[in-house]
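Here subunit A shows up in two complexes: once beside subunit B, once beside subunit C.
== the complex of A and B ==
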């Protein structure tokens, strides 16, 4: 088991952790990516081998001759962050067997970051391959529900009713027509030993899950909600407030799935707020509040309710 | 360390087996692979070696060729010896990552068993995939038989991993014609081969936990040029001398001599066929037959395709009167790739030779000696008249109406 860090009692303490993700980067003000990445990296004192798929995080943190990463880091392409880390993990195993590791007493953690485009869509095959082969790695999806790096096109994570540049809302369209892909169920179905959904505002829950993930042998999938000020259209200072709306309205429920079956809900809001409040706080859903499309808000609510019901029944059933 | 494999001095191996044994002897740390005909036996054999304890690295059976090369890149950046194999569609799927491997200056060995590219789907040998890789920044070495596949694999590791080079390398062989044809192969002992390849020395490796590195950063107009130009410079200036040194070392070890450009009957040749792969051996036979008839016919085989040995090619062809370049890929809208390369190499020389272009052997179509006798007859006509008397571009052995251009 990985040593659980002592310094995670309160946020002030946690914020003094050794930084492997430096403060200087080119991410938008208010971007949740940097918050999530820091929460992931600070959850362990172990050495890290990191990969990033092409996306906001990648293009904003390693622009030559600068790098925001004080840990080994690699980027190949949009789709293969998972395979890059899997290759490094395989090399670590090989060199360990052959007695050629420089610091054999230290075992680094292998982590890949990708956006929802790199995860739900273009990179899905590679992630699936890595999980099927059982590499000892963590894959973190920075799920901002849109191709933010290329200017806000819809991905298969974009939720119904959101206006994106390739699924814009207009006189005859309410925007994205499809429901968001259930990546959690898909990854759990791989039989992955640990799959969890996290949000940066619930940092303690997140750190606990990341530490569980690091302590788990085999491929671990983390889906991290990453509120996007630019494409969700809210003020940069409201990132955590918007994240709170997502978790309190259960639009983004926090739970984990162990060994592909056992489901645990890890956060139950005391007062569940209406989905309407979450949608209303973001420019991408503004059009839903017109007479023409208001029925979609009710549909949203019933879909969120149904999902929450499903998660609770799954948790009870322990299967 | 893995067990020693008992090899005879001479084994009967096909090209794939020769490649597998070279990987085994180099004690590759990570092989990441995805099977594709006709390269599949390379990784199958390797899997057998692993199952029997003759190799002790890691063997990642990826979900695709793109995934395999992505794993190879991650593994190489982590700091160890890496190899894989592919062909055709698999090569095409890898292509994006090939540029990443060379751009990050990661030594990876890729055995490419050359095969046609669809459509129409075809599993047999031609050079479409080899030519597709020409701008990817990899070293490309071509082989005509299993012996060469074995030797060139060892050479490729030796060159690619050198800290002055740090570039990935492809070793090419013709699908089925070389890959599945067993021939006598003179072997090195496991120890000799490993010593020739040399121990892997990591550089900027991600697994050096005290010295974190960033691989694959982003550069825009302010730096991209400064990265691509030195990469090209290393290919153009450092690689050939290093390959020559490896060839010299291999010669002193085995007596087998290799050159960037293999010349046969070229000392006083007036007519020359320039080609690659197994067609070189066919051309040599025809040239020998013509020599008996007093025809000054020679053959130039390209051994090192990237970096392209411009000077050696110009030198080999300087006294010719007529040249035929043989291209084993569909030119799709222009003259053949090799024709472009060869005429480019000759253009600024004083050579006053006539060059024409033959497309042959697509999708595994045989190239016969009769075909090449015809080519040399064309060359004689061109040489005699000092200008093209035959079409600039012709197809060899194509059924139906004769197609030629210009």
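== the complex of A and C ==
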């Protein structure tokens, strides 16, 4: 761990990492999913046992007969990437106990990836089970706030006012009607030892949290904001700029929750920018800038302000 | 196996990224890896591209922003230095150009000759400075 920690002290050192995720996958140009995956995989030198639920990451990186993964990787179902990894972790533990491992000194890292559809909705029960049983694994949600792979249907992570294919904005609707589910609070409520929200543009914060997660015994949940050029409707070169807008406007605050209670804010923007700037940069919120729906932008701002206030109070109170 | 198409896929298929056994992958650079034909490393997505990023090493300060933010593992860095761009795997998204704090990377039409681009490299407009 010491060696790898030194490697991530600065970007120049970090760039000596050797990739275990390959190009020529079929993710869209500019897709943040792969920026996140690289940051996770490069954060450790340990062996890896990985799984992915169905979704953009899975279908684009295992296009038969090709694989983009230079590590043990499995896809089984949309709903149970988490349990596949948990099963491997349990088996590893059992074989170790029985003295049947060829390299008992090498303990791999167990990581499952899933989109927000797989995580917030369809795979939720399986993830909850893994966390309740206390598997030594990490679950990374690639949160692009939509079912991107099947055409952009809304999920319970889709934020209010976003236009999605099953909640389209139009003359009679402003798009998604419900607020995004607070998955961080839900996962922390499992009493998980480590739960963190990350964004790929803040690579150092992200890598530090991943390494904390890897050093933690027990189930770790990471919610990673993944800007989707196709469904959020922005130009592919702007992925990092959009991610910056999300973290600087506090739409996507970066924090961690230890043992279900201790909350730490890990990034405080020097100049907080208006939520309006974040919304205005994406086609999925375009309609909010019409007279009819503009009041929603103020509501958005109040919600973001209230959440920030809440996070700060929780941090202070240490409860 | 590689002759089979996606529609002959069987449940439980194993795709091997390398030929033979692999022991120390994190200390093996891509150029020394024994990639199998099943590894997506062996294929190219270059025909997606309309524009490509070109590198002017004279302007490069080796900050590695392009390396960390390239979604397609196409920025080749060795020993903390930006070396080149892997045009088999680059999809031409343009992120590297956007995050480059100097004028070292710019997008050019796919068919443009690299030497020609380098000889007419646009003057630095306004240097973007990005903290991290």
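The rule is simple: the second predicted complex is superposed on the first by the 314 of 319 C-alpha atoms of A that agree within 3 Å, B and C clash if a C-alpha of one lies under 4 Å from a C-alpha of the other, contacts with A are read in each partner's own complex, and residues count from 1 in each chain.
In the analysis below, contacts are C-beta pairs under 8 Å (C-beta built on N, C-alpha and C of every residue); 3 or more make two chains touch, one makes a residue touch a chain.
Here the structure is a predicted model, which means the values were calculated and not measured.
**Q** Given the alignment on subunit A, is it a clash or a fit between subunit B and subunit C?
**A** Clash.
**Q** Check whether A:125 is in contact with subunit B, with subunit C, with both or with neither, and answer first, second, both or neither.
**A** first
**Q** Taking the superposition on A as described, I'd like to know which of subunit B and subunit C A:58 touches: first, second, both or neither.
**A** first
**Q** Applying the touch criterion given at the start, work out whether A:291 contacts subunit B, subunit C, both or neither, answering first, second, both or neither.
**A** The answer is neither, since A:291 touches no partner chain.
**Q** Applying the touch criterion given at the start, work out whether A:69 contacts subunit B, subunit C, both or neither, answering first, second, both or neither.
**A** Both: A:69 reaches subunit B and subunit C.
**Q** On the A-aligned overlay, A:90 touches which partner chain: subunit B = first, subunit C = second, or both, or neither?
**A** So A:90 only meets subunit B here.
**Q** Could you tell me if A:80 is touching subunit B, subunit C, both of them or neither one (first, second, both, neither)?
**A** The answer is first: A:80 touches subunit B but not subunit C.
**Q** Kindly classify A:16 by the partners it touches after superposition: subunit B alone (first), subunit C alone (second), both, or neither?
**A** In the superposed model, A:16 contacts subunit C only, not subunit B.
**Q** Hey, which part of subunit B ends up inside subunit C in the overlay, 200-208, 218-226, 272-280 or 380-388?
**A** The answer is stretch 218-226.
**Q** Which subunit A residues are contacted by subunit C in one complex and by subunit B in the other?
**A** After superposing on chain A, subunit A residues 62-65, 67, 69-71 contact both subunit B and subunit C.
**Q** Which of the residues in subunit C come into contact with subunit A in the complex?
**A** 1-2, 4-6, 9, 13, 15-18, 25-30, 33, 38-45, 48, 62-65, 67-74, 77, 79-80, 86, 88-95, 97-99, 132
**Q** Name, in rising order, each residue of subunit A that touches subunit B in their complex.
**A** Residues 47, 49, 51, 58-59, 62-65, 67, 69-77, 79-80, 83-95, 97-98, 100-103, 106, 108, 125-126, 128-129, 132-133.
**Q** What does subunit B use to touch subunit A in their complex?
**A** 1, 29-30, 32, 56-58, 60-64, 66-67, 70-80, 82, 96-97, 100, 104, 206-210, 212-220, 223, 227
**Q** Residues of subunit A touching subunit C in their complex?
**A** Contact set of subunit A toward subunit C: 11-27, 29-35, 38-39, 45, 61-71, 200-201, 203-204, 235-241.
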